[in-house]
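In what comes next, subunit A is part of two complexes: it sits with subunit B in the first one and with subunit C in the second one.
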Partner chain A sequence: MKITQHASANTLTLTLDGELDASSSVLLDAELAKPETLKFEKVLIDCQRLNYISSAGLGVFISHLQQFQDAGVKLVFFNMQDKVHNVFEILGLDALMTIVPSEAEATAF
Partner chain B sequence: MKNALRISCSRRNLKVVRDFVTEYLTAYQLPDLQLNQIVLAVDEVVANLIIHANSEDESQHLDLALDVRNKQFGIEIFDDATSSYAPATYHDPDLQEYIRQGRKGGVGMALVNRIMDRVEFSTQGNRNVCRLYKQL
Partner chain C sequence: MSFRHRLKAILFPLSLLSWVLLLLSTLSNTQGNAAGWLGGPWPTWVTLLAQALFAASVFVYQRGRTEPLIGNDFVGMMRRLVLGPGMLATACVGLHLIERVLQYELPTNDRTLFAVIYTINLGLFVVFLANTNYSWRSLVLFRASSRIQREWVWFEVLLGSTLLFRLLDWVPPHPIDYIIMGSLGTFGVYLSGNQQWVAYLSRRQKWEAVLLQIAILLSMAVFVSYFLRIEHDPKLVAPAPQHAFLLLTVFFGAFYAFMGLMVTLFNLPTAGVFEQKREEILSLQRLTQLIQRGQSENEVYGMLFDSAVQTVDADAAWIMLENEAGVREGQSYQVSPEQSAAVRNLLQEHNLHHIEYLNNDLKASSGFRELNLPYGSLIVMPLRSAKRRYGALYMLKQARQGFDRENLSILQTFASQTVLSIENLNLMNVSLENQRVQEELKIASIVQDSLIPKNLPIDSWFDISSYAASAKEVGGDFYDFLHLPGRRLAILIGDVSGKGVTAAFHVAQMKGIFHALMQENPLAKSERDKFPVPSRFMSQANHALARCLEKSAFITASLYIIDYENGGFVFARAGHCHTLYYHSIKEEVSYFQTAGLGLGIIRNESYEKHIKNQFYDYNPGDVMVIYTDGIVEARNAAQQEYGEERLHQMLERTYYLDADEIKQQILEDLGQFSHGQPMHDDQTLLVVKFKSAQPGLNN
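The block that comes next holds the complex of A and B.
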């Protein structure tokens, strides 16, 4: 799993490249736990190259979502592959998290 | 076709397990979503056995054996932990509550139970065995 960051004035974009499992999700958790993350208005997660997610990866997002909401930070996923989106759907997480098709829609959100 | 695998109880081996299942199932040309679901269910059980049952003790091993018979996928996962998973303790997760609590874990078995047709945990001799089945 490779995580690339891009920060603009009020938006932090994290690009995920690889597979998010019980081994690699530790890296993502450390990124999202950084206090400065909560200073942005939006945290966008680019999932185009995210090829796999397990419950450990989902757990990272589940565990940070409330803190983001409390701090007024919007968490938006975009460019998600069907097989990854399907894992969100199996649990009903697609109804609880914001997932949009494209970067343009994520930016406009 | 290789249908058995032995791994040590390290999280690094989750990728090895996923590749093993994917490679075996390639011949069956499953739709992407179904292949990913089966790989995911196996990954979830193996992760639980590595992390919870065996406390990531790399001197411990898991043995996996899989096959497809009459269009049914089946996998057996053996381990030697002194404690075994008790399916009766399973509760369907309340995700909104998990989000409120900031919980990191607890949704893996929900994925396994929703994806697979049959999920069995038992003991065989001195070993624990988990069996997963899914019609293809």
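The block that comes next holds the complex of A and C.
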């Protein structure tokens, strides 16, 4: 798992590359738990190269969801592969989180 | 009986008989009543022959006796030697004195008494010499090579024959006799050089050996002086060669005792060093043995401390022990906690308390002088491995230059041995702890297994088959059944996120929640409200879990309530895998596509909005396949997932079979797909087949 981040004025974009399993989700959790993350208006997650997400990986997003909502930070996923999207959907997360097809839509959101 | 045994049996009577003959022969030569009674003076050769026989039989008899040396107990052997022959010497002196007193009190010309006592003393002396000789022999032959042993036998034979010839009054002409005696003496010196036994004595034992050897020499001197004294006594009737024999034998006996004494004496100054080295080796051995016995840490430190203090002969010492909890003083020796703390503080000031440090002139250090302690030398030996520090050993001596390089190196060896054994102990404890955890996991696994329903519900309306497997000892998957009144059956399936013991706890919790919530509510207004509908159950479960589930954890679950009286079921899916279904009317396999959020994701009342009930009227022949993600996410060698599609196809191929057969076919296909791959997640699979047979209504 490789996590790269790109910050612009009010948007933080995290690019996930690889498999988000129990061990790599710790890295992601560390990124999202940084206090400065909550200072952005939007946090965009680029899932183009996210091949797999385990329940631990989902747990990371779930555990930060409430915080983001409370701080008024929008969490937007984009470029999600079908099988990963299926996992979000089965769990019912697609109703809670914003998942859009492309980066343009994510930026516009 | 062999010749040896027979010889042995006659030796003792022979020695007694020959001695009696010697006595009689001596008496016959005295001009007294006895001589007359014995028929006048017997020829000298009888006396000499009797004596030769006597000496030979006593020596051979002594030689055949059991080895006087028991193990390494040299001092014990010498003590017995002094006690036995010492008593003989005392008896000799005593008899001589009695004879003198009698002679003084009752002066007489009769030499009978004198001759008797002389003969008794002669007998005692020969026994003494034989005894001493063979005790020396066992010392010379201690750990000796077989060559030395053979040489000793030759020495005995040569010496014996020489002495006996001397007794028979045959003296080889000059200078052959000198050559023979000289070479025998040289041979004796050479053999006496074998004093290996001295090395095995401790310092104290060496002193004891010296004293005992002196005592033996003294008792020998008593005899010698007796014989020298009466040599010129006019009353003596014994022939001269008899005397020469005795003196020559004495020479050899005394010679070895003297050599032994010298060797022991010269060894005395080095005995301390020798003993210290020995003690060091023994201490090392003791320490090493402790490792194998695997005793407690404290015992190992205690052993190190005792061995170190003893080995370097410290005047004061203490040991500091370090662990996660901090530093504390362990054992101490002749030092008060205040004194040791003062020394430590001083070293700490100079940052010397964690390194190997030797100071042989403490008085030269002003800091130490101020402490006003009576010590001149100090060693600090840290106990550490590459990974961590275990503490340090402090040793003090009053003398300056009290420690040497050897002390330092032996302490280094002690320290590394100790650290090694402590680390071994720790490793062993860790492995024991692991073993214990494994045992407990095994128990947890058994407990969890007992939570899985063993008896599947049986009814003529349907047919159920189940499969469950955990990837680890304990799993996060669960399923359960509950019969409800009114011919209804509740089926719960679910999966706790994460694995291991935490997940297993939540599994147990879900089971408790299931049984608690599926209770009849007596206050319910209508029959329908007596048991919660699945969506209501999920909201209540979500509420119950909200407080105890950790933040990043969630649970997926599906609850089905089948009403087989009315031929329908209702279910709610809380983020769990979709239900695969075969519709017999439409002859079609499909997934129920319903929305529903996992438990624990939203932990407030708004959860209700995210969970829906789905109703369905089933038909005979319909098949419901319920499973957890461990089934569809199982991977093959190419890291592809088994997937919902493949499961879908499997049901299309097998829907007409029994529930159990459908399950078997799916598992077989799954097994082939993921062959050789490790199981990543728990797997649960339930197959429910609705049947047409309903005996109650068929009539």
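Everything below uses one rule, namely that the second predicted complex is superposed on the first by the 109 of 109 C-alpha atoms of A that agree within 3 Å, B and C clash if a C-alpha of one lies under 4 Å from a C-alpha of the other, contacts with A are read in each partner's own complex, and residues count from 1 in each chain.
Going forward, a residue touches a chain if its C-beta (ideal position, glycine included) is under 8 Å from a C-beta of that chain, and two chains touch if they have at least 3 such contacts.
Keep in mind that this is a model prediction, so the values were computed, not measured.
A.B. asks: Is A:S63 in contact with subunit B, with subunit C, with both, or with neither (first, second, both, neither)?
C.D. replies: Both partners, subunit B and subunit C.
A.B. asks: Can A:S55 be said to touch subunit B (first), subunit C (second), both, or neither?
C.D. replies: A:S55 contacts both subunit B and subunit C.
A.B. asks: Given the touch rule stated above, what does A:L75 touch, subunit B (first), subunit C (second), both, or neither?
C.D. replies: Neither subunit B nor subunit C is touched by A:L75.
A.B. asks: Tell me which of subunit B and subunit C touches more residues of subunit A.
C.D. replies: Looking at subunit A, the partner in contact with more of its residues is B.
A.B. asks: Which partner chains sit in contact with A:I90 here, subunit B, subunit C, both or neither? Use first/second/both/neither.
C.D. replies: The answer is both, since A:I90 touches subunit B and subunit C.
A.B. asks: A:I3 contacts which: subunit B (first), subunit C (second), both, neither?
C.D. replies: In the superposition, A:I3 touches no partner, neither subunit B nor subunit C.
A.B. asks: Applying the document's definition of touch, where does A:S23 land relative to subunit B and subunit C: first, second, both, or neither?
C.D. replies: first
A.B. asks: Which positions of subunit A sit in both the subunit B and the subunit C interface?
C.D. replies: 22, 29, 55-56, 58-60, 62-63, 65, 83, 90-93, 96
A.B. asks: Mind pulling up the subunit A residues that touch subunit C in the complex?
C.D. replies: 22, 29, 55-56, 58-60, 62-63, 65, 83, 90-93, 95-96
A.B. asks: Residue numbers of subunit C touching subunit A in their complex, please.
C.D. replies: For subunit C paired with subunit A, touching residues are 495, 497-498, 551-554, 556, 574-578, 595-598, 600-602, 610, 641.
A.B. asks: Okay, in this complex, where on subunit A does subunit B touch?
C.D. replies: For this pair, the touching residues of subunit A are 19, 21-23, 29, 52, 54-56, 58-60, 62-67, 82-83, 86-87, 90-93, 96.
A.B. asks: Can you list the residues on subunit B that touch subunit A in the complex?
C.D. replies: 11-12, 14-15, 18, 32-33, 36-37, 39-40, 43-44, 47, 50-51, 93, 95-96, 98-108, 110-111, 114-115
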